[in-house]
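The following pair of complexes shares a single chain, subunit A, combined with subunit B in the former and subunit C in the latter.
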Partner chain A sequence: MSASTPGSRLSRRAAVLVGAVFIATAIAVAVFVPSEEQTTAPYVSVIPALDTTVETREFSLEVTRVRLADRVQTPEWLGDTNGVWLVVDIVFAPRLATAGIDGMLRIDDRIYLTSRRPDTAAVDQGAIGDPGLPWAGSMLIEMPVSALRSSGADAAVVQFTVGETRLDGVLEYTIDLTELATQDSVTIFEPERVAP
Partner chain B sequence: MTLRARLRRIPLLAWIAVPLALAALVAWPLGGWDTVTLVSREVPGFASNQTLHGHRFDLRVDDAWLTDEHPAGYGAPEDGNVFLIVRAEVTNVSDLGESASALEDYIVPPVPGGGDFGTSQFVLATDHTTLPVVNPGLPTLLDILYEIPDDAVAPGDDLAIEMYDSLPRRSFVYSGIVWDEFLAGTAVRTVDRR
Partner chain C sequence: MSEHRVRDWLRRHRWGLIALAVLIPAAVLASLSIRWFDYNDMTSQNPQVIAGGETGVVERSLFTLTDFTVVGWDSDAGRELGLLEGTEAVSAIIHVDATESPASDEHPIGCDALLVAAGPDGDRIWEAGSSAIDYYPSGDLVGNCSLSGHEVLDWEAVFVTPEGTADQARLIITGSWPYRYLLQFEH
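Let's turn to the complex of A and B:
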């Protein structure tokens, strides 16, 4: 067997170098290529204050009042809970097509969905809006009382969406839950048309 | 130099370190190694006052009964069928609120002789809302409803209801988390007719 020549040693070094480059490239691709969540993230607009209308491509929305309550009722339904209700009153109008509003509450990394319990008044259930015709209603979120004292409760975010949110607009409204007093009972009504 | 001689010249540390490094490189994109220690092959039983503390849901199976009345006031079962209702308290211990339909594979009454009863409906026991939301940290009392053949379960039968836990795993097919369920307990309840 012949000893290795300088040329063969060089080619071995080159092979090791090429291999290292491939591995480094694979690591770089794994680390730096954006995830699907990042490439399809929605466009988030902020509602800066109560009674301020903000538009996305698909809808406009205004938050008119935010309350906490131990109990929520409609003329037909009584919503007792072993937690607490967040009641968000809004005025909503689709802009492009007939649509309903949906939403959720985010406290730190925890996501609370809108309640489907009331038959008549919840925004998630109640009204489908037509473009340019706003209506007023209430969005209900049921959560444990401990959520009001949890980390992030002073900057809880209500997110409003219409259908698919990937690469489309969503609205966010920030609430300091620690500053809201909890009422014994709140009565809400069916969504109603309001003047544009 | 022969191949054997060349191999002999490789230090012992390299024989250990290189395979470990290669294995780590393979495991890294797959999420790494996860090992478990077998505690017991016995599936524990849960009484009606005992809660299975899971990674996604805490489950407590309270009761089970047969009835012709839909808890949400919907129509009666088809001829030859009856509703089996399992009442359970569920607490979502994950960070993500879910529709109650996410519980479909977590509380499973088995058909005597094999299989399970399949698709179920979820009704909130307090106000009979169908398919309610199960938000994080909020105990929720559910009536889980299965339409089963009249003769599948008889009043007085002991039904061993399976309770499942799950572990999260990042999905490779689509974005987000998938949960891998595994049997974690059984709740034997004597079924009556109401």
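Let's turn to the complex of A and C:
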């Protein structure tokens, strides 16, 4: 009584086939379409050495000196710490629009952000620059002393960014923290404009 | 035999198949176009172009570029200003008549000035006043633009740019929000 006709068998086969195609497509999409993280990843460029200017689409940057210090001071501020300061002197210029520089230090999978404690640090709002008009200043990163002896300290990476990094340029500079001597005190000054 | 059945199946389901073929692309287009128009409205980069000496109208307010002065770092004025080698300062004076402006205390209307120059990686944009240079060669003119005071004012927008930029750059007046290019003055 319930014997199926050739037409309904064909419909069932077609439905199964269409369903299989949809499932296969869904699996292919899930496997092969890049994740949002992959499609919006920044373009990372490496600063190969001190005093070498490297450009991204958004900014250019040169690392001029790297120091470790127990204390950092400015004409108005004294920065004591239970840890240690990494002082990175840079020359920075936006390329397209008014912007400020930001950054962080990465040792293996540990991240240390730039310090906002001193008003004169280069990451402060006062250090915003205009296209093609560079300034020289210092970025400060505060970290525990133990970080200097941790795994990855011989290839710590300072990362420099301007605002949104998705699909935009990021610069990285590698430092061997184990080779740097720690100074008692380092004095830094307000970011200063320099000739283009 | 099977070809006949397939044709039969297609005939029976033709309206569903046609609907799929039409509606799926239509849905994709609709979802993209709605967002595109919103985005396009917010970021329109097609300002009115105003010839030198002419007057542009925005928000029932009149804007006229009355002076555009470029001072190089190696000029007497540039040395006096302490301009760094390779830079130049720009002063643009814009006469603004905002007496008919629709701005109110509840809906203030601001305006900003930009210098925009084409570059290999896109437009390069300098904002008036961001270089914090103490340069107002025309005296004590107003350094900020607002249409909320319903007044007539001479607004002086000051920029510092790399040498050789200003003469090729476009002077753009923008609304404070949304960020749109409203007027472009030829100078």
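In this text, the second predicted complex is superposed on the first by the 158 of 196 C-alpha atoms of A that agree within 3 Å, B and C clash if a C-alpha of one lies under 4 Å from a C-alpha of the other, contacts with A are read in each partner's own complex, and residues count from 1 in each chain.
Criterion: a contact is a pair of C-beta atoms (placed from the backbone, for glycine too) under 8 Å apart; a residue touches a chain by one contact, two chains touch by 3 or more.
Predicted, not measured: the structure shown is a model, and the values here were computed from it.
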{"item": "First, second, both or neither for A:146, with subunit B first and subunit C second", "value": "first"}
{"item": "Subunit B versus subunit C as contact partner of A:113, first or second or both or neither", "value": "first"}
{"item": "Partner chain(s) touched by A:90 [first = subunit B, second = subunit C, both, neither]", "value": "neither"}
{"item": "In the superposition, subunit B vs subunit C on subunit A residues touched", "value": "B"}
{"item": "Touched partner set for A:196, first subunit B, second subunit C, both or neither", "value": "second"}
{"item": "Partner chain(s) touched by A:69 [first = subunit B, second = subunit C, both, neither]", "value": "neither"}
{"item": "Contacts of A:77 with subunit B and subunit C, given as first, second, both or neither", "value": "first"}
{"item": "Intersection of the subunit A residues that touch subunit B with those that touch subunit C", "value": "none"}
{"item": "Residues on subunit A engaged by subunit B in the complex (per definition of touch)", "value": "1, 3, 23, 30, 35-37, 40, 77-83, 104, 109-117, 141-144, 146-147"}
{"item": "Complex contacts: residues of subunit B adjacent to subunit A", "value": "1-2, 25, 29, 95-99, 124, 126-127, 129, 131-133, 135-139, 174-175"}
{"item": "Residue numbers on subunit C that touch subunit A, as the complex places them", "value": "2, 5-6, 8-9, 84-87, 119, 121-127, 130-131, 160-163, 165"}
{"item": "Interfacial residue positions of subunit A with respect to subunit C in the complex", "value": "6-7, 10-11, 14, 57, 95-98, 128, 130-133, 193-196"}
